[in-house]
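As written, the chain order gives the labels A, B, C, D and E, with residue 1 at the start of each chain.
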Amino acid sequence: MFEAMAFYFFSAVTIVMFWITVTSKNALYSMSALAAGMIMISGFFFLLDADFLGVVQIIVYTGAVMALYAFGMMFFDTTREVKENIRAPKLVFLLSGMTALLLVIAFVAPIVGDHIEALYPMVEGVENPQAVGIVLFTKYLVPFEVAAVMLLVAMIAGIILAGKKMDESLTLKIDDEFQEKGVQ
Amino acid sequence: METYLYTALFAPLVGSLFAALFADKPKNLVTGIATSTLLLVSWISSVVLLLHVAHGEEVHVKLMDWIHAGGLVIPFGFVVDQVTATMMFVVTTVSTVVHVYSIGYMDHDKSFNRFFAWLSAFVFSMMVLVMSDNFAGLFIGWEGVGLCSWALIGFWYHKESASWAANEAFIMNRIADLGMLIGIFLVYWNFGSLQYDVVFEQVADKEHGLLMMVTAFLFIGAMGKSAQFPLHTWLADAMEGPTPVSALIHAATMVTAGVYLVIRANPLYSAVPEVSLFVASLGAFVAMFAASMALVNRDLKRIIAYSTLSQLGYMFVAAGVGAYWVALFHLMTHAFFKALLFLGAGNVMHAMDDELDIFKMGGLAKKMQWTMVLMTIASVALAGIYPLAGFFSKDKILEAAFASDHYILWTVLWITAGLTAFYSFRLVMLVFFGEERYKIFGFHPHEAYRFMLWALAPLAVLAVIAGFFEHNFVHMIEHILPIEEHHISALTFWTLIVVTQAIALGGIGFAVYKYSKGGFSKKWEETFVYQLLFNQYYIPKIYDEYICKPYGELSKIFWKDLDLKVVDATVDFIATTIYKSGMVSRVVQSGNLSNMLRWMGVGLLILLLAAIFYSPVR
Amino acid sequence: MITLSHYLILSAILFGIGLVGVYRRKNLLLLLFSTEILLNAVNIGFAAISKFYGDLTGQMFAFFIVAVAASEVAVGLGLMIVWYKRRGTLDIDTMQSMHG
Amino acid sequence: MLEPISVSMESLNLGTLAPMLVAIAGGLGILIIDLIKKDLDKTLYVMLSILILVVDLGAVFGQRIGDRGFFDVMLIDGIAVLSQIVILAASMLFIPLALTSRRFHEFSYPEFFALFLFMVAGFQFMVASDNLILIFVGLETASLALYTLIALHNRERSFEAAIKYFVMGALAAGFYVMGAMIFYALTGSVELYKIAEVLEAGEFANMTILLVGVSFMIAALGFKLSMVPFHTWTPDVYEGASATLAGYMSVVPKIAGFVVAMRIFGFLIQSDVVWVRDILYAAVVITMTLANIMALVQHDVKRMLAFSSISHAGFVMAAIMIGTTQANSALFLYWIMFLFTNLGAFAMLWVSRHKDKIWHDRFDHPYEKFSGMIQIKPVGAVIMALFMLSLAGVPPFSLFWGKLYVMSAAVNSDYIVLALIMAINSAISVYYYLKLIVYMFLKDPTQNEGTIYAQNTSKPLQTIIGFSAFLTVFAIVAVDPILEIITTYVQASGF
Amino acid sequence: MDHILSVLVFFPAIAGLLGFVVSKESIRAYGLSVAAIEFLLSLWLWLSFDGSYPGFQFVEVLPLIPSFGINYYLGVDGISLFIVVLSTFITLIGLIALNVEKDLKNMIISLLFLEMTMVGVFVALDAIVFYVFWELSLVPMLYIIGAWGGNLRIYAAIKFFLYTFAGSLIMLVGMLVMAYLYYQATGVWSFSITEWHRLILPENYQIWLFVAFFIGLAIKVPMFPFHTWLPYAHGQAPTIGSVILAAVLLKMGTYGLVRLPLPMFPDASVYMIYPVAILSLIMIIYTAMVAYAQEDMKQVIAYSSISHMGVIVLGTFAMNPEGIAGSVFFMLSHGIVSGALFMLVGVIYDRRHTKLMSEFGGLAHVMPRYGTIMGIMVMASVGLPLTMSFVGEFLSLAGFYQVSHTMTILAGTSIILGAVYMLSLYKKSFFGEVTKEENKNLKDLNGKESMALWTLVLVTVWLGVYPKPVLEPINTSVESLVSFMHKKAITKEAKEVIKPKVIEREAE
C-alpha cells in the first residue's frame, strides 16, 4: 500500500516537475523543476531497492549535473525569461503525445516472461551497493573502464572547447606561407 | 564467247571510270572519244553475241559469288540468250549513237567529262540489267540505271527543276523497287533461288496464288521503271536532263526495262493470265492516257516523252496478251526511232538555245533540213506507217490484241494509233513548217554539227529498215519465247492493217491540215478538256497536294510535336521530375535543428505506428 | 498493486514529456534539459525491470546511462560555450547557416 | 552473504581487449607527452598515431575469432575483426591527412590525436561486443570524441555542425536506451545472444512490444547510419566538418553502426521476423532514393558527397535486410571499396581546400570551383573523376564490384525488385557525380592558376590520394582475395 | 599468338597512358601510329582467323573473381571479328581526318581509350567483362561530346551518359538474375556468356530476362521510344565523336542483341518478335520521316542512323541465317557509311561552322570532289546495290520476310523514305546555284580528308561488290548460332520460327 501511494505520489510530482521543465519560459524554474524531478526519480530508485542508483542519481544529477547547468545558465545569461519562437506547437504535442501513447499501449499488455531468468539475481540479505559493486567490477568492468575513458573524453572536450585557445581560429586565419614549425 | 560477253559488259564500265577520272577537270575531248570507242567495242561484241545466239545457243557464265548467306546464294552470273542479245544490241546501238552525238551536243558544257562518265555508267548498268542470270543481278542493274538516270536528269544540277526532277524520278522508282524487292523475296522464299532457270523450272509446281503475288510485285517494279500509271509523272519531268540522256535512257533503254522484266519472266506471267490481263489493260490505258496528254503539250521533249510512255503501253499490251516477242520487237524498233526523234529534238533545242516551246518555233525546215528529214522519218515510223519499222511492230501488237480476243484493248490501241500520228505530226508541223515564229523571239537557229547528223544516220536507217528483219527476229527468238500462232483469217488480218493504216494516215493528215493552217483557235485552249490534258489530268498537282505536302507536314509534326514534345519531353520530364522532387525534398533539410529533431520524431512515430498496427504474418 | 507495467507506463509518459521538450525547445540549454529527462525516464524503467526480475543488469545499465548523461552534459556545455562566445545566443533559430 | 568470487585470468581472455587497450593507452600516452613537453610538432603526433594504429591493427590480427572475453562482454567474431580492420585502415588513411600545408585549428591540439585514438577505441568496443551496455558506452565514447573533433575545426559552421550532431545524437541515445530497456524488459538480458535465445524460446510471444523496441533501435541506429528521416544531420555535419573528417565520418562510424545493426537485426531477420524485413526494406528504398534525389540539387561537392554517402549507406543497409551470408559479405566488400574511394574523394576536396572563399560565400567546394580543372590540373582532375566514376558504380572501378555483389545478393534472395530499385538509384546517382566531371572536364576554367586546386597539398596527402586512386582502379584484382577473407570471417560469425 | 585479343584490347589503352608523355606537337603522329598498329593487329587477327570454324577463336581465359564465376574471358567468332576490325578501322580513319585544334592531346588519348573499350565489348565473352567495357565506353565518349561539342554539348553528353547508363543497369540486374539461375541449375557461379548460352530456361523466365537485357541494349541501339538521346548526341558531338558513335558505339547494342538475348533466350526472342518488330518498324518509318523534317544536315544523318538501325534489329529478329547474317553485315556497312557521312558533314562544318542545309546550296559547284564522295555515300546510305549497305539491307529484309510479309513491306519503305530524306538533303545542300557569298570560296577536300574518305568509299564499294571475305565467316558463325538456337528452343512455336539452313529445314 505504501508502495502504491509512494509510486503515485512520486509519479505525479515527477510528471509535473518535468512538465514544468519542458514548458516553462523561465529557465530558472525549468532547471529547478528538473532538479526536483531528478530527486523524485531517486525516490523511485529507493522504492525499487536500487539504493546505490538512488545515491548516484542524487550525487551525479542533482549535484554535479545541476551545478554544471547552473554554471551554464549564469554563463549564458539565461536566468531571465527565455524567448522561444515555437513553431507548430500542436505538431510537437502530436508527435510526442502519439509516441508516448503508443509506448503506453505497448506497455499495458503484460509481458510474458516465462523464459526470463535473472543473470545476476539480487540475493536476499546482500545490500544493494555491495551487490552492484560485485557485478560492476566483474562483469561490467570493461564498460566501467570505457565509461572512464568516456568521461576523460568529455573532460578533455569540455576543457579544450571552453578553453581560450579556441578564441582565435587558425582555420580562419589566412596563412599564405607555410611555416615548417607551423603547428604551434 | 565469254570474252565477248565480258567485253560487251565491262567496256562501258571501263569507259565510265576512265571518264570519271577527269570528272572535275575541264572539258577533254578524249573522254568522249574514248567512251564512244569503248561503246563501239561493246557494240561489236554484242553483235557477235547476237549472231552467236541467233541459232539457239546460249552463253551462260558465272563471274563469282556475290552474296552467300544461309540458303541464299547469289552469284554474279550472266546469261546471253536471244532476248538478252536483242536487248544488248538495242542498248549498245543506241548508246553508241548517243555517245557520238553527245560529243557534239555537250560540246560547250563545262561538265563534258562527267557527262560521259555517267552516260557510260548507265550503259554498264543497263547491260548488267539485261545480262544478269538472276533476279538480284537484275536488281543491281535496275538500281544502277536508276542511279545513273538520277545523276543524268539532274545533270544540270544548278537548275532547281532539274534536281527536283532527278529526285522525283529516283524516289518514284524506289517506290516501285520496293515492290520488286518484295517480289524477289517472294521468289527466294518460295523457289529457294533467284536464278531464272531454277525459278522458271518450278513454275508448274507452285500455287496459283503465289504466282499471282510474285508476278504482281514484280510488275510493280516494272511499273516504276517503265513509268506506268500511277508512277508515270517522273518521266515527263525527267526531260530536264540533257537531250541525249532523254534519248538513251528515257526513250530507248531504261524505261523499257520494265517490259524487259515482263518478257524475261514470261514463264511466270504466262502462268497467271489474271495478272497478264492487268498488265495489258494498264498498258492500253497508259497508251491512250499518255497520247492524250501529248496532244496538247507545248513542250518539245515532253511530247516525245509522252509518246514514249504511250509506246511503252503498247509494249505492255503485247506482253500482257502473251505476245512477248512482239513486245520485244516493238521495244527494239521503238528504241531506234524514238532515240532518233529525241536526238533530232536535241538538234532543234541546240539551234533554239534550249528553247522547248514548240509554239516559239516553226519553219525551221529551212535552216535545219537534215534534222527535219530525220525527225520526219522517226515520226512516220512512230506513227506506224508502212514500210517503216514502227509499222511492223505496232501492227503486230494490234493484231495480237485482236487475236487474243481483247477487242477493247484493240480499240483503245487503234484510237491511240491515230492520236500518235496526230501529235507526232503536230510536232513536226509546228517545229519545222509554217510561220517562222522563232524570229519574234530572236533566235538564230543553225544546223547541228555534221558528224552529229552522221551519227544519227544508223538510227535513221534502222528506223526505216528494222521492220524487215521481223522474220529473222522471229526465227531467232522462238528459241526462247513462245511464238503463238494467230488463228485469224487473212481477211481480218488485212482489214486490221488497212484500218490501222487508215487511222494513222488520218491522224497525220489532220495534223498537217490543221497546223499548216495555223492550228487550233484560242477558244480550244480554254475548254475543260484542253486544260485537263494540258495539266496532265492534274495528277502532278494531286501528288504534290495530297502526298508530298502532307508528307512534309506530317514529318514536321512528327519531329516537332511528337519527337521533341512527346518522346523526348517524356524523357526530360522524368529527369526533371526527379530533379524537382529533389528540390522539393530538400525542404526536409531546412537546417533548423528543431525541425531536424522533429523529423527524427516523425521517423520514430512512423516506426511505432508500424510496430503496433502493421503485423505481417511471421 | 504496483506492477512492472505501472513503472513502464510512467517511464513512457516521462519519455513523452522529454520528447515534448526536445521537439519544442529552441534554447539549446533547455533542450539539453529535455534530453536528460529522456534518459531519466528510461532509468526508471531499467530500475523497475531490475526489481521485478530480481536482476541487477538493469541497474547496471541505468548506472551507465547516468555516466553517459554526465559526459554529454560536459561536452554539450563545452560546445554551447564556444557557440555562445561567437554568437551570443543559444537560440536554435540562429543556427541555420547550413541548409538545403 | 556473498561468496568470494574467483576468476581465473585465462577465462578473462584479455587478448580480446588488447586492440582497444592499445588505442586507449596510445591516447593517454599522447596526452602525457603533451604534458611533458608542449609545442611538439603535429607530425610527431601524426606518426605516433599511425604507429599506435599499426600496433592496434597487429593486435586485431592477433585476435582469435570466436573468442568471448571478460565475462562474455567482449565478442570477437569475424565481423568484429573485419570491421575493426576497416576502422583501423580508414583511420590510418585519415590521420596523415592532417599533414596539410595550410594550418588548421584542430591539428594544433595534441588532444586532437588523443581524442581520435579514444574514438577509435570507442568504435572498436562498439563492434567487438554484443552487450548492449558496452555497445552504448563505446558508441557514446566515440560520438562524444567525434563531436569534439568536428568542433575543433574552429569555425562557426563546424560548431553548428557539432551542436546539431550532438543534440540529435543525444536524442538518438535516448532512443537507444529506450530500445534497450524494452529488450531488457522482454528478456531480462542485455546481451544479444541471450536476448535471441529467450525470444526464440518464448516463440516471440510479445511481438508488439518487441517491435516497439526494435523501432527504437532502428531509430537510434538509423541516426548513426543516417537513414531517412534520421539523416538530416549528415549533410550539415559534413559541410561543417573539415573535408577529411567528413570523409572519415562517412566511413567509420557507419561501419560500426552496420555491425551493430547486423547484430541486432541479424537474429531477428534470421528468425523470420517479417516486420523487420519489411520496415528495413522500406527504409532502405526511401533512404537510397531520397538521398539521391536530394544530392541532385546540391551546389557543393562536399554536401553532394554527404548525400551520396547517405545513399550508399542505404544501399548497404539493404545487405543487412537481406541477411544472407552473401549479403553480409557484400556489405563488407562494399564498404571496403567505398572506404578507399570516398576517403580519396574527400581527400581531393581537402587538398583543394581554400581559406578564402573565392567561389561562394557559403561553400568551400562549389561545383564552379572545379570548372575546367582538366586544363589546369589534369592529373588531379583525372583522379577526381576516377573517384566520381567509382562512386557512381561505373565498372571496373572499385565500388562497382561492391554494388555488383550487393545487387547479386539481392537477386539471389529473390529481391529482384530491390535490385532494380538499386539499379535505378545508381542511374540517378550518376547524374550528380557526373555533374562534377562535367564541371571538371567539359567547362572552361574560371581561374588559370594551377595551384588553386592544390592549396593544401603535401607529399603525404598526395601519397594517400595516389594510393586510394590506385586501389580504386585496380580493385578488380583485389576483389577475389578480399571476398574470400570476408566470406570466411562472416561465415565464422554465423551471419 | 595466343593473346592477340588482349593485345588488341589493351594496346590502345596503354598507348593512351603513354600518350600523356608525348609532346603536344607530335601527338597526332603518335595517335595515328598507334591506331595504325592497332588496325594492322586487327587485320592480322582477321587473317589468322579461320573462317570456316563457327565457334570462338583466340579464346583467352583468366580467372578474375573465381569464387563468383567472373573470368577474364575473351574470344571472337565471325560475328564479332569484323566489328572489331571496324572499330579499329574507323578509329584510324577518324584520326586521319581528325580536325581538332583544341586540346588535341586529350582528344587523342580519349580516343585511344575509347578504342580499348570498343574492342573490349566485342571480344568479351564474360558478361561482366562485357559490361565493364560497355559502361567504360561511355566515359571517353562523354568527354568527347562534352568537351568538343556544340552549344548544347553538356546537355547532350549527360543525356547520352545517363540514358545508356540507366538502361545498362537494368541489363546488369538481368545478368545477375541470369547468373543466379545458372547457379541454381548447375551449382556453379558463372558469368561466361558461352556457358549461359547452354542454359535452358523456362519460357516465362526467359521473357523477363529478355526484357531486362533488351532494355539495356535497346537504349544503346537506340530503339524507338528510347532514341531521343541520339540526335542530341550527334547534333552536338564533334565530327570524330559522331563518327565513332554512329559507326561503332551503336553497334554495341545490336551486337549485344545477337550475342546475348537471342541465343540465351530463343523462346522469348521468338515470343517477342512482334513487339520488337513493331518498335523497329516505328523506328524505320517514323524516324525516316523525322529525318526528312530536319533542317540540320547532321540531324538528318543522325535520324537516318536510327532508321537504319531499325532494319538491323529487324534483321536480327528474322531468326534465320539470312536475316541475322544480313543484320551483322549491315552493322558493318552502316558503320562505314554513316561514319563517312558524319565525316562528310564534319568537313563542311569545319569550313562554314554551320550545318544548316538552308545555309548551303550548290556546293557541288564549289566542292566537286566533296560532292562526289557525298553523293556516293548518300547512295550507299540509300542502299544502292553494289554498295555495302545493300547487301546488309537486302539480307536483313529478305530474312525478315520469312517472318512477316506485311511487316517487311512496311520496313521496306525504308528504301523509299531513305531516298526521300537523303536525296532532299543532297539536293538542298549540293544542287542549285551557290546563293551564299560565304560558300563561294570554300576549299575542296584537303589531303587528309580525301584520304580518309576515299578509303571509306573504296571499302564501301569493295564489300558491296565482293562481300564474300566478310560475309562468309559471318555466315558460318550465324548458321551455327541459328541451328544452336533451334536446338535449344523449348517451345514448339520457337522451333518453328527459328529456321536454320534451308537443307535442314527440308529434312524435318
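Convention: a residue touches a chain if its C-beta (ideal position, glycine included) is under 8 Å from a C-beta of that chain, and two chains touch if they have at least 3 such contacts.
As the structure is a prediction and not an experimental result, all values here were calculated from the model.
Visitor: Along the graph of touching chains, what's the shortest path length in steps from chain B to chain E?
Guide: The fewest touching-chain steps linking chain B to chain E number 1.
Visitor: By CA centroids, point me to the most central chain in this structure.
Guide: The most central chain here turns out to be E.
Visitor: If you take the mean of the Cα atoms for each chain, which one ends up farthest from chain C?
Guide: B
Visitor: Using only Cα atoms to place each chain's centre, name the chain farthest from chain E.
Guide: When every chain centre is compared against chain E, the largest gap points to A.
Visitor: Go ahead and name the chain pair joined by the largest number of contacting C-beta pairs.
Guide: A-C
Visitor: What is the distance in Å between the mean C-alpha positions of chain D and chain E?
Guide: The computed centroid separation for chain D versus chain E comes out at 43 Å.
Visitor: With chain centres defined as C-alpha means, what is the inter-centre distance between chain B and chain C in Å?
Guide: It comes to 95 Å between the two C-alpha centres.
Visitor: Per the centroid of Cα atoms for each chain, what is the distance between chain A and chain B, given in Å?
Guide: 100
Visitor: When the C-alpha atoms of chain A and chain E are each averaged to a single point, how far apart are the two points in Å?
Guide: 68
Visitor: Indicate the residues of chain B shared as contacts by at least two other chains.
Guide: Correct list: 586, 589, 591, 593-594, 597-598, 601-602, 604, 608, 611-612.
Visitor: Got the chain D residues that touch at least 2 other chains?
Guide: 133, 137, 140, 144, 147-148, 151, 163-164, 167, 171, 185, 188-189, 208, 212, 235-236, 297
Visitor: Which parts of chain E, given as residue numbers and ranges, touch two or more other chains?
Guide: Each of 162 in chain E touches at least two other chains.
Visitor: Show me, using the given definition of touch, all chain pairs that touch one another.
Guide: A-B, A-C, A-D, B-C, B-D, B-E, C-D, D-E
Visitor: Can you list the chain B residues touching chain A in their complex?
Guide: 594, 598, 601-602, 604-605, 608-609, 611-612
Visitor: Given the complex with chain D, which residues does chain C contribute to the contact?
Guide: Against chain D, the touching part of chain C is residues 4, 8, 11, 15, 18, 22, 28, 31-32, 35, 38-39, 41-42, 45-46, 49, 53, 55, 57-58, 60-61, 64-65, 67-68, 71-72, 75-76, 78-80, 82-83, 86-87, 95, 97-100.
Visitor: Give every residue of chain D touching chain C within the complex, in rising order.
Guide: Of all residues in chain D, those touching chain C are 132-133, 136-137, 140, 144, 147-148, 151, 156-157, 159-164, 166-167, 170-171, 173-174, 177-178, 180-181, 184-185, 188-190, 235-236, 239-240, 297-298, 303, 362.
Visitor: Which part of chain E faces chain B closely enough to touch in the complex?
Guide: 159, 162-163, 225, 227-229, 286, 289-290, 292-294, 320-322, 325-326, 329, 362, 364-365, 368-369, 372, 375, 379, 382, 384-386, 390-391, 394-395, 397-399, 401-402, 405, 408-409, 412-413, 415-416, 419-420, 423-424, 427, 430-433, 465-468, 471-472, 474-475, 478-479, 482, 501-503, 505
Visitor: If you look only at chain D, which of its residues touch chain A in the complex?
Guide: 1-2, 5, 7, 17, 24, 31, 39-43, 70-71, 73-74, 101-109, 111, 114-115, 118-119, 121-122, 125, 131, 133-134, 137-138, 140-141, 144-145, 147-148, 151-155, 158, 182, 185-189, 194, 198, 201-202, 205-206, 208-209, 212, 242, 355-356
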